[in-house]
Every structure is written in C-alpha cells, then in structure tokens.
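Going by the order they are written in, the chains are A, B, C and D; count residues from 1 in each one.
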Amino acid sequence: MGKSRLEAFSDGVIAILITIMVLDLKVPEGVQFRSLIPLIPLLLNYALSFLYLAIYWNNHHHLLHTCDRVTGAILWANMHLLFWLSLIPVTTAWMSENHREAAPSVLYGVDLLLAAIAYFMLEQRIVASQGSGSLLKRAIGRDLKGKASPILYLVGIGAAFRSPALSQAVYVLVALLWLVPDRRIESVLSSAHE
Amino acid sequence: MGKSRLEAFSDGVIAILITIMVLDLKVPEGVQFRSLIPLIPLLLNYALSFLYLAIYWNNHHHLLHTCDRVTGAILWANMHLLFWLSLIPVTTAWMSENHREAAPSVLYGVDLLLAAIAYFMLEQRIVASQGSGSLLKRAIGRDLKGKASPILYLVGIGAAFRSPALSQAVYVLVALLWLVPDRRIESVLSSAHE
Amino acid sequence: MGKSRLEAFSDGVIAILITIMVLDLKVPEGVQFRSLIPLIPLLLNYALSFLYLAIYWNNHHHLLHTCDRVTGAILWANMHLLFWLSLIPVTTAWMSENHREAAPSVLYGVDLLLAAIAYFMLEQRIVASQGSGSLLKRAIGRDLKGKASPILYLVGIGAAFRSPALSQAVYVLVALLWLVPDRRIESVLSSAHE
Amino acid sequence: MGKSRLEAFSDGVIAILITIMVLDLKVPEGVQFRSLIPLIPLLLNYALSFLYLAIYWNNHHHLLHTCDRVTGAILWANMHLLFWLSLIPVTTAWMSENHREAAPSVLYGVDLLLAAIAYFMLEQRIVASQGSGSLLKRAIGRDLKGKASPILYLVGIGAAFRSPALSQAVYVLVALLWLVPDRRIESVLSSAHE
C-alpha cells in the first residue's frame, strides 16, 4: 500500500476534527460585548485543542515522511491514533464548559495521554518495519520530548484533582514544547539525502 | 475516468463520516466522573462504527487498487456503497442511545448488511470490467469472509429480537474478522508484479 | 492555475455536502420499528439529494476533464456553482420535514434550477476559454439534457403549488435522466485522443 | 517539507469551513413562503462569508504557488491564518442573527482583521524564506489592496458602533475589491517562466 492515500485520509480526518470543534463554540447569548466574556474560556480551550491537532498533523507528517512502506500494522496503529484524536472535540467541549471542575480536566488529559501512547506505538511500528538500519530510529534518538510528554500528561491529570487551572497550564506547557517541529527528524533526513 | 479522483472522493466521504460520528457523542451531563458512566455504551458503539468505517476504507483501498479503469457502472456502484455507509452515523446514534432495545440493533445490522451487499456489487462490477483474466477475481478466490459476513449480519439481525446484546456481539465479531486486511489481494497483486 | 487543486477543493466541498446532510436525518423518536415510519420521507429526500450531489460530482468531473487552463472566470463560475449546491442540505431538510407543503418543494426546485444555471455558466466559461476549436463545445453538442433540465425544474416548481408530490416526482425524473454519465463528452474525448 | 500536503490540508480546512457554515442556516420555522423572509439576512451573511472564504482559498493558492520550500515558520504562520478563518462560521452566525446590533458586526470585523494580519504575516514568512531575490516580493509590489484591507476593516469596525448596516456594507466592499484574483502575482509569475 502506498503511503499517499494513508496520508490523505489522515489529513482529511485531522482537518475535519480541527474544524468541527468550532461547532461547539456556541453563538453568544445576548448581543452585547459582555456576552462574549463567558466565551473566553471556551475560545482559549478551542485554541489549545486547535494547537494540539496542528502539532499532531505536523509531527504525523514528519513521521510518515520517513516511512516507505505501509504495512497492515502501521495502518491500524494509525487508525488507533486517529481514534483518540477524534475524541478531542468532545473532551474539549466538556472541559471548556466546566473549566473549574476536576473530572473534565482529567478526561482531557487522559485523551491526550492515550493519543500520545498511540503516536508512540505508531512510531514503533514504523521503526520495526524498517529493520535494523531504521532511518526513523536514528532520527528519534533518545526522544526526550516523546518521553517527557506522557509524564507531563500524568502530572496534569494528577494536578486536576487539586487545581484544574494548574492542570490546564500543564497541558499548555506540553503544547508549547511541541510547537517547534521536530528538527531531529529533519536533520537526520537531510543528512541522509546528502 | 481516472480512478484517483474516485479514490479521493470516497476517502473524503469516509473520512467525514468517521469524524462526524463524534458529533453524536454528547458532552456529559454533569461534571462528576460518574457523569461519564452513561456515555460508556455510546463510546463503545462509536468505537465499533469507527472500526467498521476504517475496515471499509482499508478494503475499499485494496479493491480499487486492482482496478485500472473506472466505468460508469463502477462509479455508481461506489456511490451506492457510500450511501449505505453514510447512514452509519445515524444508525449508530440510535443504537447507542437504546442499546437494550431490539429495533435499533436490527436497523444497525440492516445497514451493515446493505453496505456489505453494495460492496459485493462493486466488487462484481470491477471483476466484470476486467474481463476473463480478472486480477481481482483471482485475488478474491472463494471469498469466505465476504460470503460469511452477510450471513453473520443476518444472524445478528435475528438475534436482536431476542437479545440486543448478543446481536451487538455478532457485529463486533464480524468487525474482528475483517480487522486483518485482505492478504489474499495483497498476495496475488505482489505475485502479479513479479 | 492548475486545475488539480480546483478539482480537489470542489471534490472536498461536494463530499462534505453529501455527508453533512446525514446530520439532518434525526435519530428516531421512540425505540419501536414504527418510530421509523415518519423517517421514510426524510430518507427518500436524503437519497434524492445524495443522488443529485453524486450526479453533480460526476458531471463536474467530466466537465473539468476537458479543461486545460483555469482562468479567474472559471474559478468564480465554479464557486458560484458550489454556492447553490451548498444550500441543498438546508432546502432538503425543509422539504423532507414538510413534504406535503408547497413552499418547501418550490424552494428545493429553485435551488436545483439555480445550480443548473450555474453549471451552464461554468460550461460556457470553459468553452470560451478554449476558443473556437473548443473540445467541450463539440462534446456538449446540442445538449438536450442540459436544456431540458431547467425547463423540467420550472415544471416541478409550478407543479408544487398544485401538488407537492407531483413536483417531487419531477425532481426524481430529472435525476434519473442524469443518472447515466455524459457519454457524449466521453466519446468525443476518446476520439480526440485517437 | 513539501508544500503539496500543506496545500491539501489548508484546502481541506477551508472546504470544511465554507460548508459547515450551512449548518447555521436553520430550517425555516413554518411552511409558508413568508417563513423565508427572516432568513434573508442570514442567507446574505452566509453568502458574504462564503465569498470571503473563497477569496482566501484563491489568494492562498496563489501565495503558496510562489513558495518552494515550507519552513516551520511558514507552517505555523499558515496554521495561525487557518485559526482565524475557522472562527468565521461562529462570528457569521452571531452577526447574521443580530444584524442590527453593534457588537456582532464589530466581532465579525475583528475576525476579518485578524485573518488579514495573519495572511500578511504568512506572506512575510514566505518572502523571508526566499531571500533577497524573492519572487513573491516582486509579485506583491506595493500591495495596495493588502494595505487598504486592514484599514477598511478598521473603518467597518468603527462604523458598527454607529450603524451596523454601514459596517456590513464596508465588509461587502472589501470582499468585492478582492473578488478579482491577484493578477500581480500571476503576471510576475508568468514573466518569470518566460
């Protein structure tokens, strides 16, 4: 199976997810500027999830770029990742409407954690398919960011029980960590092409 | 007509279907962890339909891979398949909100059955377009899975009148049967390329 | 401008339109088989609009196939067509919920009529861009179907004031007329390639 | 990173945005022709936002056409643009339901302004990536339209406090200014290819 159709399908799903979240941004009740105030936490949460999906799209792009051959295992690992990403709109909606409650912030973190694990599993499947000289394996290296993220999600989940605001701050922090595209993959790839 | 635009259109429709189902996963009522409990059957049904659409996407990809030329008959057989798939979000929503009732589980099975028949008809159209030495015909062979699925859907539909839970278990079973991509097509294709 | 991105954008819009219509297929109220009865007219109308959008997608594909160069005029004529197509979900929803009333059937026909006019204008723009030896112009020929459709839509709109059912029958008739892909374009194209 | 996947993702997001706006076009309440009257402002606002998104899609296409290499900065500038565009459906819905109120018309203008700034920043990123002989820089030239638009949006925002109708007229005017695709880029590109 060529990877282009898998890329196109994944792009389609992520593009739809990033866009349908806007359907949960309800039209303000009232016609005054102050009607916008209760929407501010919703907008910020929307922006955070938009950022996460953009990061996943970007890293997913780099990941598949190293992959030559799509096996069945890679295909289903990819579907598994898309499944957890597909829940982001609903976990975002719950958290943004109840941003001072523990459970919604926990659930949001659990979804991010499961997506991160699915991403890691996809990465491993691609490395396995490439054999011992795996380009991706060299590119990832020690993968500090990849290992730190699940730990930080766990910290965020734990923090939610004490302070949902702190929990959300942790999720923002992880997003900022990933905002920079993965230069490691880029640099190994460009040296491989030399 | 080139097949790439037909593939892209079908991918687009399936990617949208798999994603808009999440719009039926209502935000929990309440802000406690226990507010999530009534959502568990919805989530499981969502996961099942996600899996079915992913399987259709995957098998559809293999199917069109064997097809060189898109005739009008193939195009309309494909639209027919997309029509029944497009009803999956609404049949899923009805079943997941009433997972202990007979009628919703029957309807879900009927939709799966009609999609399976549409898939079979599409397969036949492609075989017919390829003439006597059809690559796809050789690839499908006796097609045990393809023949077993409609029978199992009928079993699931019948079981729904007695036990919706049993019915849903049958639908899960069929999905698991198909989870493995169709190695028959892959193996014939790879030997054809040798 | 290359036509491939215009094709991809149009495909995307039509794929989304054909799929979001399913969001108007409300989940049945009740859990009995008889709860499905009030949904039958909705389903039939959904199927009709699905068919129309599939026909437009198919004919649009053939139309752009003859087009080498996308001018600004072609681009905006295409957007104009997509605009009227984008209203099909809402005109369908109104008609299907009120299939025995005049106004909704009139509005549905008006939308189809405006889409047909937009399609005709797009066709003319492509012919104009190709100059005197236009491949498309030869392909269309006298274009009986293209000329008959707006007249039939007008008949359907007029009939709606007397009998919405008759009006809807006319709309079904036009769809059936177009169900067959446009062999004229295919045959001229294939002779041009010889 | 190749630009084709970035184009495809952006096209996908814009195609979804332009289409999901139709979900806010509520089905008329009532079954008479006069039930359509309250929908007229909604339809006009929908058409305006459809036009804006079509213009962005078109100009975005021309912009990326001049771009050879997608850097991380370009990618995130593009996501930033898509973010503000993604809010157009909700700002449109608020304005169209309250077209005689100040705040909704202000918010619509603010969103357009932020999208215009994001577009300008994306343009600058591409120019910067191309170095001193930037093809895009020559193509844009003094960029009168690009500089006039934000000023006109500010005029529209200011006007909204006095007259929402005047404000909306300004937004229509800017759209009409941009309706013509950017011939400057086309002409420099075609001379560059000579």
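By definition in this document, contacts are C-beta pairs under 8 Å (C-beta built on N, C-alpha and C of every residue); 3 or more make two chains touch, one makes a residue touch a chain.
Predicted, not measured: the structure shown is a model, and the values here were computed from it.
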With one step meaning two chains touch, work out the least steps from chain B to chain D.
2
List the interface residue numbers of chain A and of chain B, divide the shared ones by all numbers used, and answer same when the ratio is over half, different when under half.
different
Nearest 5 degrees, what's the C-alpha rotation angle taking chain A to chain D?
90
Cα centre of chain B to Cα centre of chain C, whole Å, reads 27
Rounded Å distance between chain A and chain C, as computed from the means of their C-alpha atoms:
38
Find every residue in chain A that makes contact with two or more other chains and list them.
8, 12, 16, 20, 23
Pairs of chains that touch, anyone?
A-B, A-D, B-C, C-D
Residues of chain A touching chain B in the complex:
1, 5, 8-9, 12-13, 16-17, 20, 23-24, 72, 75-76, 79, 82-83, 86-87, 89-90, 93-94, 97-98, 101, 103-104, 106-107
Hey, which residues of chain A end up touching chain D in the complex?
7-8, 11-12, 14-16, 18-20, 22-23, 25-28, 31-33, 35-36, 47, 50, 54, 57-58, 61-62, 65, 179-181
